[in-house]
Amino acid sequence: MNLLHLSLAEQGIFVLAALILLASFFLIAQVRLVAAIHSFAWQGALIAAVTFLVAGVQNTPHLLVSAVLTLLLKAIGIPWILHFLVRKMGLEREMERLQRPALTLLVGTGLVIFSYWAVLPIERLEFGATRNIIAISLAVVLLGLWCMVARHQVIVQVLGFMSMENGLFLAAVASTKGMPLVVELGVAFDVLVAAILFGIFFLQIRENLTTLDADRLNRLSEKEER
Amino acid sequence: MTSVHWVLVLPAVGIFVLAGIPSLAVAGWLNLLLTFAELLAALALGWQVKQSGVLVLPGFYIDAFNVYLVALTTFVGFTTAVFSRPYMAELVDKGLLSRRRMRLYHAMYQGFLLTMLLALTTNNLGILWVSIEGATLATVLLVSLYRTPEAIEAAWKYFILCGVGIALALFGNVLVYFGAQPVVTHPEDGLTWSLLYPYAEHMNPTVMSMAFVFLLVGYGTKVGLVPMHFWLPDAHSEGPTPVSAVLSGLLLNVALYAVVRLKMLASPAILAADLPDLPGLLMMGFGLLSFSVAVLSLHRQRDIKRLFSYSSIEHMGLMTFAFGMGGPLATFAALLHMLVHSLTKSAIFVTVGHATHIAGTQTLEQIRGLIRVQPGVGWGLLLGVAAIAGFPPFGIFTSEFLVLSATIQHWPWLTGILLVGLGIAFAGLFRQIHPVVYGPAPEGQRPVRANMLPVLIHLLLVLWLGLAIPGFLAGWLNEVTQLLVGEGLL
Amino acid sequence: MDARDTGGAVMADYVNPVGWLVAAAQGLLYVIAAPLFAAWVKRIKARLQNRRGAALMQPWLDLRKLMQKETIVAHTASPVFRAAPYIVFGGTLLAAMVVPLLVVKLPTTAIADVIVLVGFLALARFFLALAGMDVGTAFGGMGASREMLISAMAEPALLMVVFTVAMTAHSTNLSSVIELNLQTGLVLRPSFMFAILGLILVAIAETGRIPIDNPATHLELTMVHEAMILEYSGRHLALMEWAAQLKLMLYAVLLVNVFFPWGMAQSLSPMALLISFVALCVKLGILGGLLAIVETVFTKMRLFRVPLYLNLAFLFATLGLLSHVILETGP
Amino acid sequence: MSNTTIVLFTALSIGSALSSSAVALLSDRLPRLINYAILPLLSLAGMAGVIAGLGALQTGIDLQFTLPFGLPWLPWHIHIDALAGLFLTLIGLLTTAASLYARGYLQEYLSGSDSLIPLGVFSGLFVTGMLLVVIADDAFLFMIAWELMSLSSYFLVTWQHENSANRRAGFIYLLMAHVGALAILLGYGVLAGFGGGFEFALMRDAELSPLWASVAFGLAFFGFGMKAGLVPIHVWLPEAHPVAPSHISALMSGVMLKVAVYGFIRVVFDLLGNPQCSWGVVVLLVGGISALYGVLAALMQHDLKRLLAYHSVENIGIIFIGLGLSLLFAGTHHPLLAALGLVAALFHTLNHAVFKGLLFLGAGAILHSSHQRDMESMGGLLRRMPWTGFFFLIGCISIAALPPFNGFVSEWLTFQTALQAWMLDNGILRSLVPITAAMLALTGALAAACFVKVYGVVFLGQARSRPARRAREVSLSMRISQGGLAALCLLLGIFPTSIVNLLNQIPTELLGQGLTHYAEHSWLWLTPVEAEAASYAAPLLLVGMLLLWAGMAWWLRRGEMRQVRRSDPWDCGFATPNARMQYTASAFAQPIRHVYGLLFDIKEDVKTLPDGSRRHHLQVDDRFWNLLYLPITRIVLSSARRVSQLQTGQIRHYLGWMLATLVVLLWLIM
């Protein structure tokens, strides 16, 4: 479709979507823990912005609520919790060596293309940008998952998980004027609890393994005699 | 306030009350009472549904399908509570658990039940998702209750894998919502089952098939379908035994329930566009894969609880296969199998719990001569395994028999695989359990304070179902079958 | 349909007392003639070895002497040991009664067919072997073990012979078989040729003659039959010896009467009986001579060569059967 | 006897079997219940079963009704007919004998360490299962009863689970039983697929294409053959039967295998109908091989009960030879001969049940009084346990197929069936059948050899060990039960005509054609085909035998000749032989081992111990373990190992799997 036919706000949505995608790539590529957390926070903020725009474009007021919710939770709350934990565990300087960064990013790109191809058959229903946004959000989800596969820093894995949630949220907002409010609230609640639990687990893993390397969590393996 | 609300309010209250009660004994009994009350409420609900057919309340939608699972859930919840009271108390006496954790345990036990029941009774697919995620959150702490490195690792994997799975399921939900927009009048209703189901065949097939893929992978992770099953053995083996019992007996069922519900939504849409029944085929494929992987894995286990968690995967695979195959016979069989499997498996986990207390370990090599040490536990385990291996006159034989006969009718060549699998599974189970129950008693093993009542009840029920399926149950399952595949069996 | 008529005819024989009398007489004749036949073989053998040999009555004198001698039984022997001689003798005699000696159709022949006959010989052998093991000596066990091996390998061959004949005669009742051969007269059947060869080999093995066993030896490690009756004395021994002679006689009669039935009486008239008696003597005389020649020409073979020998017998019998299937039955 | 009476007795039989197992739950608290309630109830079940069965056989009823159990749309169907009747009789007979026997046999266990509850409970359930199998009329009930039978007998095998042999045997047994059951289930599945339902009535009417019919036949043959113990799927049998308590061994060997035979007949003759000639050939060959292999393996054994177990393989082989001939003739449209073969097989089934039961009870009696199973340590028992010795001798004569006892009659009938091979048009078959018959003859002769060995080594000669020297005659109840079976052995052998008359109902029902000339002249003469072909007058022979003995006794034992002098054995003038100088069981079998050795893997060596004495060590194993079973196990285990490699413990791998699955599925649906 042609961008010129779209309103400025809608063009804005596309730009933001592109930035969200970029943020996911940052998340995958960032070797410094703190920076990774920051890129996650940025992603949250961008999603909130998108929500605002969509709310404006389609004047669906309840989206404003969820926009605020997102801002508080994804852009501020969770990153703050993670920061707190990182400081508590003295991991500010934590760096993780990516094995084969080039390959990792290449696969990421592949996933983006795949998700675009995957949603092609979904013909546009009403709102022009739908399909492309869905493609982006699917890409964000897959990238989040890929981030969890590629990185073995536990906290970064959690960030990947959270960014999957971001992708879902984006899909919900952009494709279908947002889910019913009660669902939104439930999701938000779950995410919050999840974040807290993650915190608890970091501490426990930390005190059991003295490191947050996911590859060290391999006692329960059936490969050979334990 | 109808029985539905009672079914949900009781556990909700239970969470906070039990979290607050310091006394262990009181909490144990209270937990027992609450579960019993829930059971009664569930039966009342069942009665109500039996009278009035489908029951649609604001926010709730109760038909024969979920009410029978509600009853099953509360029943197993109750019997497991009966077992867990003395069992957990013994753990505390041994000093393996602090009283604070016991409060957490009891609270989360109720929380788990709450999420299960909510997931079953809700009318909104979104809430369904939320409560299944909630179930993960409630049980993850139970799995890590012992705080051993293994427990924490298991809980972590459980958490992450199920979290990711659930997230994918949510994406599926979004797609359903998206696909629903054109067919529902008010966009808000896009996830309301009662409004969505009638228009299922008008939905966009492509969207629905894509949605179903996400939902299958998502909820399938919770069902324990291969290759998303990796969390399951870990969580079952490292958590406290009552938790393993309810995970195997209930959580998997509820997840499968979700998958089936969404298949009911997706299949008509796809069939309406006369494409092959993709959801059914996918479920059959996953079911068969899980079944075959699980039966082979049985041979390699060294931990008794891992062993039985794999047998859970096997049976969930069988059910998924049957549901996927569709048709009244297979569906009836799958429903029956759900029932008997939950009963048998939770009974087995109860006996396994006692066995591990007797031997003081979960390692198969070190649990020996149970029948000598404590005949009750030994025979319970032996008979339970015989039942789960599909020996008549226990009920699992009946359901497997029906699954097989349905397979012979529709996919004759798959029957061979199933039979070979069943043989291998049998060999795997028995060659592990044989030395555990038989043989001379090892040095220094003492009988424990065992409460075999739940086992007895469950096995008797399974035996009853094997000898004769009571009319009302048959009628009930038949209603469900009608609901799921349009035509009944009787 | 004719089966029913002949059935009726047979029925007639059963109620005919004369038939029973003749049958009894024939049994008696067996008992009397058996030692004579054994003696005859011995004598020819002696002549072939340029000895004069014992008188034909010698076996009779031996038996009489044994009968009068005191009977000694080992301390370790059980009742089986003492019952065995009677069972062995009785079983062999019953088996003999089944084989038509002079008259084709006798009521006794319908009591049992050739398989039952084999069964009774087996019964006798069973108790013979048990008696061998009863006293608990090393030799007894050895003899029993060997005897059972040989008989086990002889049995299938014998049965194949029976089959070959039964394939032609459609019957295992000896009288029916013989009747058929009499009716058809001389017919050259390849199957019968093989069957005869097979039966001869089996008979030699079963009656414990050279080259399988040497009735005259008491060299410990080569004995088979002798080893089993080592502990017997007096009348017990007499019965055992007598039974052995009966068995030899039985097989001889089987050979000559089944395959060369000419001259046998088909009615109970004294003339016919006389003719058939003479014929029988001639036939048995010739057969005895052949047997003697065989025993002089061959030497006893090692125990573990016996299976080869009996496999040869089985081979003959099977060839007989196959040649019947291939050559003698049109499509 | 009226139908209702028959049904009532059947119900009574099942009911009392069940109640006996129910009462048994209390047997630890009140041990006296065993003698006063449990075993009597079991015997009652047995007798009721006999009455019902004989009634059904005699009246040849065909009675069908349903019970309100099972599935809503598939209640339990019951069907009592002549075939069921025969097997009811058989189960009843052995149950009665075994429970009577157990009265004495269990005394020593009353104080033992093993709780008697499982024994009592599962004995009852075992009998119940067998009874239900033979009257089941739908696949569902059949499978339930069948597996009930397997499972409870497994619990009986593992009853004394403290010794590892029982555990191993139990596991192998249950595993193979289960595999067999699955095959049977699949076979029924095929039939039901064509018949449109699991009721036998529907399966009977099913129209199967020859291919599918053969598939169903193959599955049934495999499944039931595994239970019956046909070679090469027999390996569980010699493991499981010896280790069970002896009266249970008698039940398992005597009856349970027969239930498998029943299942085969029911499925192949009744449900499948119009059999194919090729099936007959297969069954015939497998049967022949089983018979021969079984008896050879038995000859190699020196554990008494194990030896008897191998003889069960042999006799099952003989039964299947009969069935094979019957199928062969039915397939080539000779209904009369098919009937003859079937009757022969059924007759042998009956006989084997009786004499194998008798022999196992005898072996149990020896075990009971000398605690020995190894023949090499027995000897001279006849003088210590004369009754048992006498009954055991009868058992030996019967199983060795010697006239005038029962084993001979059924084998004779089998031979007669084979002898009718000349009626076949196909020359190959006409020469194949006699060769199988020759195998049968060889089997019979070897069986005789084997039982000369058994009786000679166990009961004759001198005691080879202190326990054997200490052995005493067993209690009255044990003797009575053995005596009863021994008497049956003789009766069945003496009055074959009347038995055939009873059995004749079954071919009439299954093949629509019974024997016509089997008693052409009178009940005295058994003439399977026609009087000219072959006849056997057992009563006359018995009379003749008795007359002869009377005569000899009268003649030889007059006056001073009566008394005999006792002295040391002569033994060619060697020193007085002692127990060590006797021929042992392994020595007895040595020539046969030498001839047929290559069928087994035999490890035999003589070690010289430091003190200069020699030790002879002999171990004979089934070749099939290495040929058939170990490879399968290896395959399963190796694939299991591969699969378990998935569980790496690395969460990232798990996540990778999920991602891959998702991507693949999305790609699939596009």
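In order of appearance the chains are A, B, C and D, and numbering begins at 1 in each one.
The rule is simple: a contact is a pair of C-beta atoms (placed from the backbone, for glycine too) under 8 Å apart; a residue touches a chain by one contact, two chains touch by 3 or more.
Values in this document were obtained by computation on a predicted structure and should not be read as measured data.
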Inquiry  = From the C-alpha centres, identify the chain that is farthest from chain A.
reply    = C
Query = Measuring from the mean of all protein Cα atoms shown, which chain centre lies nearest?
reply = D
Remark   = Averaging C-alpha coordinates per chain, one finds the centres of chain B and chain C separated by a number of Å equal to 78
Task = Take the average of all CA coordinates in chain B, do the same for chain D, and state the distance between these two points in whole angstrom.
result = 44
Inquiry  = So the centre of each chain is just the mean of its C-alpha atoms; given that, what is the distance between chain A and chain C in Å?
reply    = 101
Ask   = Which whole number of Å gives the spacing of the CA centres of chain A and chain D?
value = 70
Residues within chain A bordering two or more other chains = 118, 121, 145, 148, 157, 217-220, 222
Ask   = So which stretches of chain C touch two or more other chains?
value = none
Shared interface positions of chain B, touching two or more other chains = 156-157, 160, 164, 168, 210, 233, 297, 300
Remark   = The chain C residues in contact with chain D across the complex are 3-4, 6-7, 10-11, 14, 67-68, 70-80, 82, 86, 89-91, 93-94, 97, 110-113, 115-116, 119-120, 122-123, 125-126, 129-130, 132-142, 144-146, 148-149, 151-160, 163, 166-167, 170-173, 176, 218, 220, 230-231, 234-235, 239, 303-304, 307, 314, 318, 321-322, 325-326, 329
Remark   = The residues of chain D that touch chain C in their complex are 379-380, 382-383, 393, 397, 400-403, 408, 412, 415-416, 418-419, 421-422, 427, 430-431, 434-435, 437-439, 441-442, 444-446, 448-449, 451-453, 455-457, 459-462, 517, 520-521, 525, 530-537, 540-541, 544-545, 548-549, 552-553, 556, 561, 564-572, 577, 579, 581-583, 587-592, 594-595
Ask   = In their shared complex, at which residues does chain A touch chain D?
value = 111, 114, 117-118, 121, 142, 145-146, 148-150, 152, 157, 214-215, 217-223
Ask   = In their complex, what parts of chain B are in touch with chain A?
value = 124, 126-127, 129-130, 133-134, 137, 140-141, 144, 147, 149-150, 152-157, 159-160, 163-164, 167-168, 170-171, 173-175, 177-178, 181-182, 187-188, 190-191, 204, 206-207, 210, 233-234, 237-238, 297, 300-302
Ask   = Inside the complex, what are the residues of chain D that reach chain B?
value = 68-73, 115, 140, 143-144, 146-148, 151, 158, 161-162, 164, 167, 170-171, 174-175, 178-179, 182-183, 185-186, 189-190, 192-193, 198, 636-637, 639-641, 643-644, 646-647, 651, 654-655, 657-658, 660-662, 665-666, 669
